[in-house]
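The structure under discussion is supplied below as structure tokens; questions concerning it will follow.
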């Protein structure tokens, strides 16, 4: 209803479009609704940043997209369309062909995401062998190996032809992350979901890896979803941002606009508590309270008990509200300011 | 088709060297490959085998005539030299590559063995020893040349005998496979039929577990099994293909009472114990009639057995009275030691004793430990010991003396009676068999009255035999001789 | 900072901590090469009473080791530590135990640092009973007071760690460290395991406690933003060495060591209006088991010259109260 | 594996072997019973003869000296003569060892063949029928007293149904010249499928009796390991790569999930090797375990000492094999 | 994150110790509870044997030798499960036999766990020569085949309940010692241990008050599993003829005694065999429940 018509005019068809996504986990304590009514669009060639605190549902949202919600979790509601396909009703075999080829993913911790018992060569080649239809019939194996070495070279592994037969533990953290990126990109996917690709890395290495993703994105012309909890990373590396809180998107918008002019109290709080090197004396203002449990929350603003500006109406279901071109905010205060 | 007889047997041979063991089961296996100078017939009479005949020249000298035309399995003839070699190997210290044969004492006080001529070998003793012939069966003759070739150690696994079968393969712990020796001279002439073995192959298969051994017989996997538990006789009889065969055994069962310690230092208590046990019931119910009750040491088949010994009837009331007389009006508390194998029987005995006021607690121990505990040199701490003594030679010298002479090897009752000692000593050197019998009979009467043991019984050896087997009889010396056995 | 003259509370000289790997009995029998991991390599610094020294560096550079060695939770291999003017390097166990009342530590992981089988009262009260400071009856009262000062309630006394959120657990850890009234507290990455919104709460709490109780902190973090915010002075570590140390403002504004420069420029900033010169590093962190000879940073340093390959640079004054271990520092 | 590491292994072996030797020696020395008396049994013997035998057995020397001699000889691979077989202990053990090895290997293979697929299936179909059945089966497996179960098997399969032989290792009709001395393998090598079938039929029941409890344990281990692996990030990543289910299960997951199974299998095999005398007794299997137990009962010291040393060496070797398998399965581990 | 799931939305006012949580988790598992009850019934049988057993388990009567169970021809209802070779009531002997199995199982596991825990703690926490010494002994004992060890020990010390317990304990402590050592090695690296050191806690306090409570649950779990093992081991020893003394009835010796009659009088060894199976099965089921309850990371 309040969809940002204006954006559609400027933008082409979205590559990925999530509507009202709801993903749940039954647990001992009750039903955890990890993602509750998320709407997101991703356009071709775009880099979308997803920020939010731990447990806010970033990973689960995109695990839902790629169909890998861990058991016993399940998608309870909503639609996910990717490149004209309805992802919610795919057969196992269709999924298999889609994953790795059209949608690729990297994970937070490369050491645990790479199989410790298999060589790097095997782990790259198997993706190519599974998906690349353009490999020659004869000598597929060799062709796959050649292309794997190419990929490793592309992500900047020195002497890839020698190192390809090593095991993951023989590489440093940054190199492992790059290997994972090489694996994800080996079939030139249309969409890369990078789930916290650098959280486990030191800043100097993190910079190298993020730069690499940026370069490759431009080179291969793909779309990237960059999941992170570091606003700084988002600021430097993404075009557009979605802020998540307690299983919901609370604010979206072009990165610079959103950071310089946050409209949701939570976003404001987030930005306010980041220590800035440029202004050491600026006090950091903590957000008091803690993230609510995702059990039986019902339709209320999830931030209301931590919010300085709360009012009685916040205890009702708040939809995303358009707040300017390409911007949406889940806060009724915005409605007030608009009207 | 080749005929084959299979014996399900309790224990494997320790060695195939006839001179290097002391094990009854090993003897059984070896005796089918090797023959000895003498052997026994079904009635336990000692008869010549590799010897043609023998005679006692004087109390210290025996001459053996060597049978002619006997060949070893390798085809070489057996000569007097081989016999001399065999017995020197048995009796000379360190004659077996530096080791001494453990069988040395089985041939008694032999001073020398000499070849008189090609047909005669002479044994000279250092003191009179009337039972020499009784001890010679199962001292098998080996080939001198072969032994020198393979060495004493080699003889443990390689054989070259004169017996009815030659070794094909020894699967250690599993089976011993033998085949007929076609050059066999025929065996003892006093035991018909004389000739080669009847079956082509004979196999001993080792099955220690009773239930498995019986199962193997019933399943037709083996033709003869030894140590058939009495309980299984009914089943073997009921099976259309199998039958039970029995032979009088040679093992005397008794409960040794500690004569050196209260309460059994009093003969009245010992007699009371004898009256408390209902032997007949146990023999009837547990042994299913496969044993003869004993009132003394000796087997009824043995040399010098006294059939006229009075029996201690089952009479718990008398027993209690005797106990009271001996100063135990309230009964006594004792333990009765036994090996695991005899546990059931011991428990039966113990519960009978208990009912007569001798409250016996069963202490099951491991055989070797108990043997050490009850060694005559030991500390004499036990009360009662359920045990047995085997007497393969069926001569009192081999059971009466060791178990009841003061301080002798097997005197676990710590029994000591000067009179008995004197009688036994006299009998040991008495060459006139009739007089020897007399001496032993007298000694048996005294022992019966003194009751150093609870006299129990002499079980029969029970075999399960397939009905396809013919010509084979169990023998009282517990050795299975397959020479005459045939299968259909 | 007026206390440039006040005597240092903690003074560390040439502190060294070597972990002997493969030194087990069996490994020695197996003749496996003994590996010496020089986690802290001749480090010297001092902390004045009332100040916060921030310690920053990449993962595995030896920050935690330094902290634990200073507190003698691990025995130093060489060098000396003096606390409140007296040498504690070789202090016997018993006296060291007594001294622990004065120096405490707050740990990184709020999950692993609380014994899951003990109630909050036991955890926070244990230091008191161990040191025989308070009688049984008093302990509870003092625990309650302490809990309230870190923002918890007396209702929490009987609860167990698993019943708390990460931020609350960290408060329990702080309470445990502060109940003995220490003067010196090591904070070993007290906020890195926490969410940003909670991080800020804890940083604020630590700040106010410091002011109220007059504490001195050695504050460890790998987040320069946090370090810059809380510290008076900053020390930068690389592979077991302190490569640069100085007042926060100066270290952050005009770093002298190329590693510090690279580190600062790599930190993603949200105020992207500020355009920064990226000092881009190439290559990976060398293995601490086989650190490069000469200047340990030369393998990744964009400015390395021949001299850096052989000669170990000393940590020397480069003006403005700053020290840096670089042959090129100060020259520019 | 580097030679240095091998030296380390051997160095590790020595204190264990020494300790084991001391314990077994002391134990045997403190056990009442006299091997000479046991050997002479109820038969004709004089004190002199006993003394001669005692000398032959070396029992007339003081215990400490005997231990020294034993150690010295053991270093050169000489374990002396068995008191009762009066042959080198080494030979006597070597004759019985193959049967034990064959049985143990068969049990191990059987257990692995049961437990790996079952464990994997149970993990993949968690909380479904297979899983429940596997769980119940495992519980029964570890709860069955082996001796009793063995007897039940004999009654069922050998006596009632007559499908399988009661006891022994191979029929006598089969004379297969030894190569490995494992009957099943030898009969195959010699081209005697009939004998192979026969040897196998003898092997099945005892191997099953031994394998069942082991399979039960391994199934649980395999299932737990598989579940753990299936939860791990690299499996999610492998799925995200669009690999086939088969490849993910058998290549990515199993290789990692086998690691704990290998460890446990090594430990279990060790205890199997040293604990199968009960089964050997029930099935008349001519193995080493029975021989050792009999030897303890007759105080055959040299044999017991040598056998126990052998078990200890095997235990260490098995762990060593497990370590090598680790490195194959998990390249992170280096020897 | 996972912790966040477990912590209830509103913190309960009443204190929930982790142990209490585990107990609650255990008691919500019907299967395990049933097994635990079965174990309890066996314990009660053992304690109340003199009052429950229909007959004197030692009273022999050769006239009842191998009398079949009641429902078979020749059976009597007063001897429900039949009689053994000496005419003793099998049911009564099984009831009394539970005393042996349970006493041995409990005693061995308790003693071995106590010893193993202390030594494992010492080895894992103190490291150095203490660790080397203890680990070597553990290795040596592990390298020693269990049954042979027990048999040799029994031959050395003679049979009897106490000696069986000793013989089993001699090696059994190795298992908890290993488990504890492994757990301690992991636990000593935990920050809460370092925290205890930082506040000046003495070594013994750290070992027994900080670490021990945290590693107790795997120890308890392992111990219950071992109890099942021990009961079977005792039965094996009795089977090999070196078990408890007659006339004491031990299930293992009952199976052994009866195996000679298995073809016809199957009841003599089958019923005690089933008794072992049920007890061990119950212990195993219960211990699996314990493991799931106390160590949620294992439960699936």
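Residue numbering begins at 1 within each chain, and the chains themselves are lettered A, B, C, D and E in the order written.
To be clear about the criterion, a residue touches a chain if its C-beta (ideal position, glycine included) is under 8 Å from a C-beta of that chain, and two chains touch if they have at least 3 such contacts.
Here the structure is a predicted model, which means the values were calculated and not measured.
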Furthest chain, CA centroid comparison against chain E: A
Farthest chain relative to chain B (centres taken as mean CA coordinates): A
Pair joined by the larger number of C-beta contacts - D-E, C-E: D-E
Centre-of-Cα separation between chain B and chain A, whole angstrom: 90
Intercentroid distance (Cα basis), chain E paired with chain A, Å: 52
Where chain C and chain E are represented by their mean Cα positions, the distance between them in whole Å: 48
Approximate Å spacing (C-alpha centroids) for the pair chain B, chain D: 37
Residue list for chain C, restricted to those that touch at least two other chains: 165
Per-residue multi-chain contacts in chain A, two or more chains: 54
Where chain B touches two or more other chains, by residue: 209, 211, 215, 366, 368-369
Of chain B, residues touching chain D in the complex: 4, 6, 12, 14-15, 17, 20-23, 93, 99-100, 102, 104-106, 108, 135, 153, 156-157, 168-169, 171-175, 177, 201, 203, 205-209, 211-213, 215-216, 218-219, 221, 366-369, 371-373, 375, 389-393, 397-399, 402, 409-410
In the complex, chain A residues that touch chain D: 66, 68, 70, 92, 95-101, 104-105, 107-109, 112-118, 126-127, 130-131, 167, 169, 180, 183
In the complex, chain E residues that touch chain B: 58-60, 62-63, 65-66, 85-86, 154-155, 158-159, 241-242, 245-247, 257, 259-264
Chain E-facing residues of chain B, complex: 209-211, 214-215, 229, 231-232, 234-235, 281-282, 285-286, 340-341, 343-344, 346-348, 350-351, 361-366, 368-369
Touching residues (chain side chain D, partner chain E) in the complex: 15-17, 19-20, 23-24, 27-28, 30-33, 126, 139-140, 142-148, 151-152, 155, 159, 223-224, 227, 270-271, 273-275, 277-278, 281, 289, 292-293, 296-297, 304, 307-308, 311-312, 315-316
